[in-house]
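The same subunit A turns up in both complexes below, where it pairs with subunit B and then with subunit C.
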Partner chain A sequence: MTEHYVIIGNGVAGNEAACHLRQRDPESRITIITAGRLLFYSRYELPRLFHEDCDWRDFLVNPVEYYVENRINVRRNSFVTHVDAQRKSINLAHKESISYSQLLVASGGATNLPAELSDFAPLLNRFNLYTAACQVRDILPKKGKVVMLGGDVLGLDLARNLINEGYQVILVATEQTFWPHRVDPDERKLLLGALTDMGVEVIENAKIETIQEGAPGMSARHILFDDGCEIFADVVMPFFGLLPAADFMMGSGVDFERGLLVGTNLRTTDPSIWAAGDVCQIWSPEENQYRFYYGWQNVKKMGEIAARNMTGDDIHWETATDHKMYIDENRQIVSPYWEHD
Partner chain B sequence: MIDSAMTETDIQLMFCGSAGDGTIAVGDIFKRAMAEAGFKVLAFDIYPPEIRGFGKCISRVRVTSRQAYSLKHQSDILVSLNDSYAIPHVSEVRDFGGVLYDQAPISAMAEGEHISGHLQPGQLPYGVSMREVSDQTTGGSKAKNIVALGFLAGLYDMQREPFHQIIRDKFKHKDPIISESNLLAFDTAYDEGVSTFRLDFIELGTPERQDIGSKVQMMTGNAAVVRGCLDAGLETFFGYPITPATSIMEDLATDLPMRGGRLLQTEDEISAIAATIGAGYAGARAATATSGPGLALMVEMLGLGVMAEVPSVIFCSQRGGPSTGMPTKTEQSDLHLAVFGGAGDAQRIVLAPTNVEGAYKCAGKAFEMAERYQTPVIVLLDLYLSNRYETVILPRQNPFEADSSKKRSHQERGVPYHRFSFTDDNVSPRTVPGEEGGIHTVTGLEHNELGRPNDQPDMHLKMSEKRHNKLLGALDHPGITIQKRFGDEGKVDVGILGWGSTFGEILEAMLVAQDEGISCSAMKVVMLSPLPLQPVQEFFSDCREILIPELNYEGQFANLVGSAISKPFTRLNRVPGVPMRVADILDEIRRLAAQVKSAA
Partner chain C sequence: MADHEIRTIRLDENEDFSNTQSYGQRIVTPVRFSTDPRDIGWVRENIPCQTACPADTNVPAYIRTIMEERYGRSYELNRLANVLPGVLGRICSRPCEAACRHGWPGNGAPVAICHLKRAAGDHKQIGHRITEDLYTPTGKRVAIVGAGPAGLAAAHDLTTLGHDVTIFEKEDRPGGMLSYGIPEFRLPRDLLELEIHNTIRLGVDLKTGVSIGSGENDVKITDLLRDYDAVLLTTGCAAAIPLPLRNIGRDDDVSLSVDNVENGLDFLMELHRGEEKQVGKRVAVVGAGFTALDCARVAKRLGADDVAIHIRTTEEYIPVTKDEIHEAKREGVIIHGLRTPVELLSDDEGRFRGVKFVQNRLGGWRSGGRRQAIPIEGSEFDEPCDTLLIAIGQKTVTDILDVQVDLDRWGNVRLGQDGMTSIPGLFSAGDFVNGASTVVEAVGHARKLSVRMDTWLMGRERRKKVVKISSVDEPLRQRSFDFIPRQEMPTEPLSERINTDNKEVETGYDQTLALEEAKRCYLCYHKYEIDIDNCIYCRACIEVAPRDCIKMVDGVEIKGDGTYGSLHEASEWDKVGAIWVDNNECIRCGACFKVCPTKCISITRNEIFYQDL
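Let's turn to the complex of A and B:
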């Protein structure tokens, strides 16, 4: 019987795995399932939208023909609602069920929004997807003002791009600033200083009271702090890191903490289910705990390991030490996590 | 509609569902709204032979700012109202085109039953809450088609108003609640469409200005025939229903009596042609409409029309044959029957329009010609042309002569009447029963000038010459295109000769070939009998290679041309039951062009 490898997630991890699965098992069926409507595109390049006349076709990592030639069926606009590990099948929101021989969960992370801001969600713009990025580009006036809440590495990367394009960026720093890096108070001071030098206006120790829609003819957003200060901005964006996106695994019987728990071979507690990427927590024998690893290079490696082990190999993830953020000779903040091909 | 700047519009939509899903109805609303907005529309519906219940329905609509000649082989958007029927057509959507479907169907599905799993990598999915919105707004799932339409209209920023108008119109004979709830369904889905991020690069653009002094309308080939008949002053129609000609009789049944005309559904096709010839003999403008099997029954009577030199008009919409064949599929395989069918040397006029506007002109001109040349005139359509919709520009002034018959001159009225007198143009003055001094004999037997039976060899030869030669005048008949050349002028590498509805595909292929730098022209021949030999011969000598594409197995038009011209040519014959693929013609053009190049 030909194997049917089903991969939930059309990101770096899922696509890297699909590529290796095809090489190692040429006869198999490979299905990638994604809630998104596009083929795999490079989200790292989204800031190009601010200075180039480009669209999602320019961000595609693989050409359309790649999927045809490699017989990788990418089922887009298909939201997974449940995994039935016993029956080896998954349910999609449109009521179709799909069976698998082996399943790789590579569903990444969803934007984390602290509970105290959830009421304001409709007034916040994200930058996690192409469509969200286009919306920001379309509503942001020339030299407009962007307020970033939190300021994880993704946000900081965007901040640098926006400043280079002449926009104003205000960062409301929180404990998630620099996520996923853990920085001590001294480092934090230095890094925030570097941000200021970059042109980012940094606000510290401020608690948001409310976010409102701006009055007609005024800036689109109005932020009020508990000390009575206020900021008017064109766009307000949350950058509080990611939370693993695997609600559909609830009730599947697979062990789950904050993310899906996997051994160093990336297998979950179900022998036919594997996990890779931002969604999983990998066992670290050295540290005796499960750990997340983020960023393109890490996630890509996980995709490869999972695929190889799914096809009979026995290779293992090696616990990596935390890569520290640093300030380079040009006073730019560098996150070693954040390097990609 | 959406853009202030003029952009070239060329999008093709395909609605696909099962009979009962409202597929054809929604395609109809869409094309009417587009025509209303000023776009050119070319559309073709395919439905099963069964009247209702089961079977696949497809409505393809091409919307352009300039006139298009055929449907595109690939659509830009597929709207699925029934996934099991739509799945086989996903491959007809181009890369970066969109597929709209119900994202929350009512029941659980096994793997592969939902269309989203069949999209090709380059295609873009648009999940729409079709059933849910239909349920919420109308209390049932019947309005899924309207929901899909509303979403589509919102997604592409089309104005709501033309749609509202047409939906109201559609339900005007029903309980007002139905119209209101359908409008609500449309609007709810429209808002969903507006808020959906469009990932394709389809722009609707702006329609071109309309010609002043003419009126733009959207109609099918059969509807155009009806308009042509009415404008030409049709007085009597006799017919027997047959797909795909039936709608001609149906529409005339409503419209003809309102203009003082008469229509009779006869017991069969033989009676229909007999009555038509009888009415023609009596001086009325008379017609019948049928398809291949009906024409086969009519040819015996048609011979009488030829021999007795009685005007009559026969519309024949071809379908797949022989025999009962493929009633709901298109084909161009009745040419032999139309041109040659019947006993004896019974030449008649045969016209084959290539598009809907041509169907209008040929219909009206057929009456002029029948009268002028005292002969049956067959207008050869096919299912594709009969049923396809086009926006056409009809002249505001009626372009047809009310009476084209050759009457006796003043002097001739004083002398004994010879019904079949030999004249310079081989057309004899004609009288109708009751006309003073016009009494004469008419028979199916060979006859002399008085109409009296005469089978002498000389007389048969002279009368045969008269009957054939009088038709040559039709080649110069005013106000109708007999044949026309398109594309590059002068000597070219490839020439494509075509007839009937396939000529649209030929033109599209020729335009693409020209864009690719191939020197080519296309010629359409509207009058198949008598054949305009001289211009066709000139075309042959201008083209290094000649291609004749047609939708029949035998190459019937190629046979007709080949019997008169000795230069070799290439045939392209297809019998798929659906219009010829532009790509197939294009491939042949490319091949022939390469052949010319390598020979040089």
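Let's turn to the complex of A and C:
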């Protein structure tokens, strides 16, 4: 009987898995389900929007023909609401049910917004999707001022691009700065110094009291700190890392903590359900705990491992992988998590 | 109604019409009362919210009356089942929502039943008339020990049944855990006091500050048994379970011996008695229930910077509502899963400085849909903190008894079939019997126990359970209602919470939100039936059905208790014996009713009702 592989998520892990599944099981049905409207595009390339005249086509990783040739059915604008592991089916928000032989959850991570900032969410601009990135590009005036809250590696990548294009960047540093790198206090000091050298204005030990809309004719955002200081900005962006986007797995019977709990073979506690990418916590025998692993290369590798194991292999994730952020000879900070194909 | 024939059966609430069903014409009867097990079984199986509610609340009925903007009536329908609708509309554990058909796979999110309960209370008119079904005085005297939710519910029901009730409460205020265990930002005290007042205003004699026990100044159970016709123990689970740790005895309580380590329940009770409580900047809470969440949120309000709840399994399996988790997180509480405390850490001077945890993995299933946590050997790690609040559960205290009653293996009171303990005339209800549970379970149990007490006191049953079946002229829902998203509960902004004392966090639905949410209810008490003698098998109903809810069958299983079981679907046309509405799948959209050319589909409303015997 023809296998039907369903992949929830249209990112690096999901597409890598689809590619390997097609190679290893040419007769199978493969369906990718994504909440987005676009085919797989490179989020890592989104900062190009600030220095190139480009649109969504320029970010696509694979052309449309690739999906046709490889018979990979991409269901876009489809929101998964529930996974029924017993019936081996998933429910979509528009009341459709799709059956699977094996399911790969690769739905990635959503922007983490700390609770104390949730009231200000409508005043914050994200950079996690193409549409969100375009919105930032459109509202940010030339040489405008961007305030970054947190400053994870995705934010810092954007920061260095913006600086190069002549924008002003203010970083309000928090404990999530440099996420997901684990940096000790000495390293942190050096890295923040390097950021300053790069032209980023760094604010440390400041607690945000409120974020307001700017007065007409003034900067669009006004941030007040608890020590009475204030800054004005054109855009305020949160970069506090990612949270697994897999609420739809609640109640499915699959073990879930912050992410889907998987073994080093990336199989969940349900034999027909696998997980890869930012959504899964992989058991680390070395550290005796479940861990997340991020970055294009890691996530891509996970997609391959999941696909191979779904089709009969028994290969395992090397869980000891940890990447360090460093400062290069030009005093530029570099993160291995920025590397991508 | 001219296009179909209507026969009206005369209205008599005490007559049993369960055997008068007939076919061959569309029969619409205004109301009838049935004791047929198929009808009682239908209600039990097809109205999952009501079945899941320990108090047996008629959920569809009260939501329907909200749609009609009859908030007072909705409140009264709630009050028939539990005497504290406004309270439970805020702090109920919501087993109904877990069972709600709207939350079943493919149907979306469950209806916000609890929020609607609150809306009924919030929007009823000032000076709203309360209705009570009062029985004539019996002359029987009942003593109730404990004025918590179980005691209050029982006091109300026993009073309406005509008995003279006296409650003995050791605290200064009634309410038990409602008054002393739940923070005001979840349960405003003025509302609680009002509903308690309504509960006992029928003549309950409430004696507060009275200690029951075997001490010299205590009132003794034996005295109550002598002075009253029956005694009901509803003292709940008021003792915290000590935290089991390595290298300490099973019953040793570290909260008694280590500074800055407290039992969460004691912490909350002392706070609500008016004591000044303090916490450190870093607070760790261990436990996974409402008490743990309350402790964490209170700690935030007392000035803690970092508050973390440490749980043995994961968020998915902790017995609290998702809303409570969401609000706690919004307030900055962090939840760490898969860890069990194994040791307390102290500095060189012996002061508490943190907790050593062991990492867990999830194991097999426990009862109640919970999971086992399996510690991983060698995975210990330290978590520094200044204050530890322990909220891992509660237990009953039986040393208040000066009589010997049979206990079960958990130390809870064992009851007989008649609801009585091993001592004649001594009854018990709520957590004192069932162990630590929820407010709605305590209320529900007390309500059932009151009926048993009444039977014992009067020497006979005075009421019987029937199904009230009323005709419904047309579908009360529209298909578009199925696509309304669940309405989120409005809340105070964070800036108005932490820095202001005890402001209620949830602000309640306004009438627009309440109406919108009420529309989502499938009204599962509506039963759609096809009169197969009039059906022409045109399949029109099947064509318009949005789900696989109308089936061609060759038979229906009848269970041992007389209720309907599964449908035997016919695979071939010549085997079809009937077209049948699968009420399990039916979302009461009414599409089949509207399209039927022969009007052979009828709708009835089916509700549990109690008739006098």
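Following the convention adopted for this analysis, the second predicted complex is superposed on the first by the 340 of 341 C-alpha atoms of A that agree within 3 Å, B and C clash if a C-alpha of one lies under 4 Å from a C-alpha of the other, contacts with A are read in each partner's own complex, and residues count from 1 in each chain.
The rule is simple: contacts are C-beta pairs under 8 Å (C-beta built on N, C-alpha and C of every residue); 3 or more make two chains touch, one makes a residue touch a chain.
Just so it is clear, the structure is predicted and the values come from calculations on it, not from any experiment.
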If you stack the two complexes on chain A, which partner ends up touching A:324: first (subunit B), second (subunit C), both, or neither?
neither
Quick check on the superposed pair: does A:250 touch subunit B, subunit C, both, or neither? Answer first, second, both or neither.
second
Mind working out whether A:143 is in touch with subunit B, subunit C, both or neither, as first, second, both or neither?
neither
If we overlay the two complexes on their shared chain A, which of subunit B and subunit C does A:131 touch? Say first, second, both or neither.
first
Scan A:289 for contacts with subunit B and subunit C and give back first, second, both or neither.
second
Of the partners subunit B and subunit C, which touch A:119 in the superposed model: first, second, both, neither?
second
Is A:261 in contact with subunit B, with subunit C, with both, or with neither (first, second, both, neither)?
second
Touch test for A:97: subunit B only (first), subunit C only (second), both, or neither?
both
Could you list which residues of subunit A make contact with subunit B in one structure and with subunit C in the other?
93, 95, 97
Enumerate the contact residues on subunit A facing subunit B in the complex.
37-39, 55-57, 64, 66-68, 73-78, 92-99, 131, 134-135
Which of the residues in subunit B come into contact with subunit A in the complex?
95-96, 102-105, 107-111, 113-114, 116-117, 119-122, 124-127, 197, 199, 201
Name, in rising order, each residue of subunit A that touches subunit C in their complex.
81-82, 84, 91, 93, 95, 97, 114-116, 118-119, 210, 250-251, 255-258, 261, 269, 283, 288-290
Hey, which residues of subunit C end up touching subunit A in the complex?
105-106, 108, 314-316, 329-333, 337-338, 359, 361-362, 376, 378-379, 493-495, 546
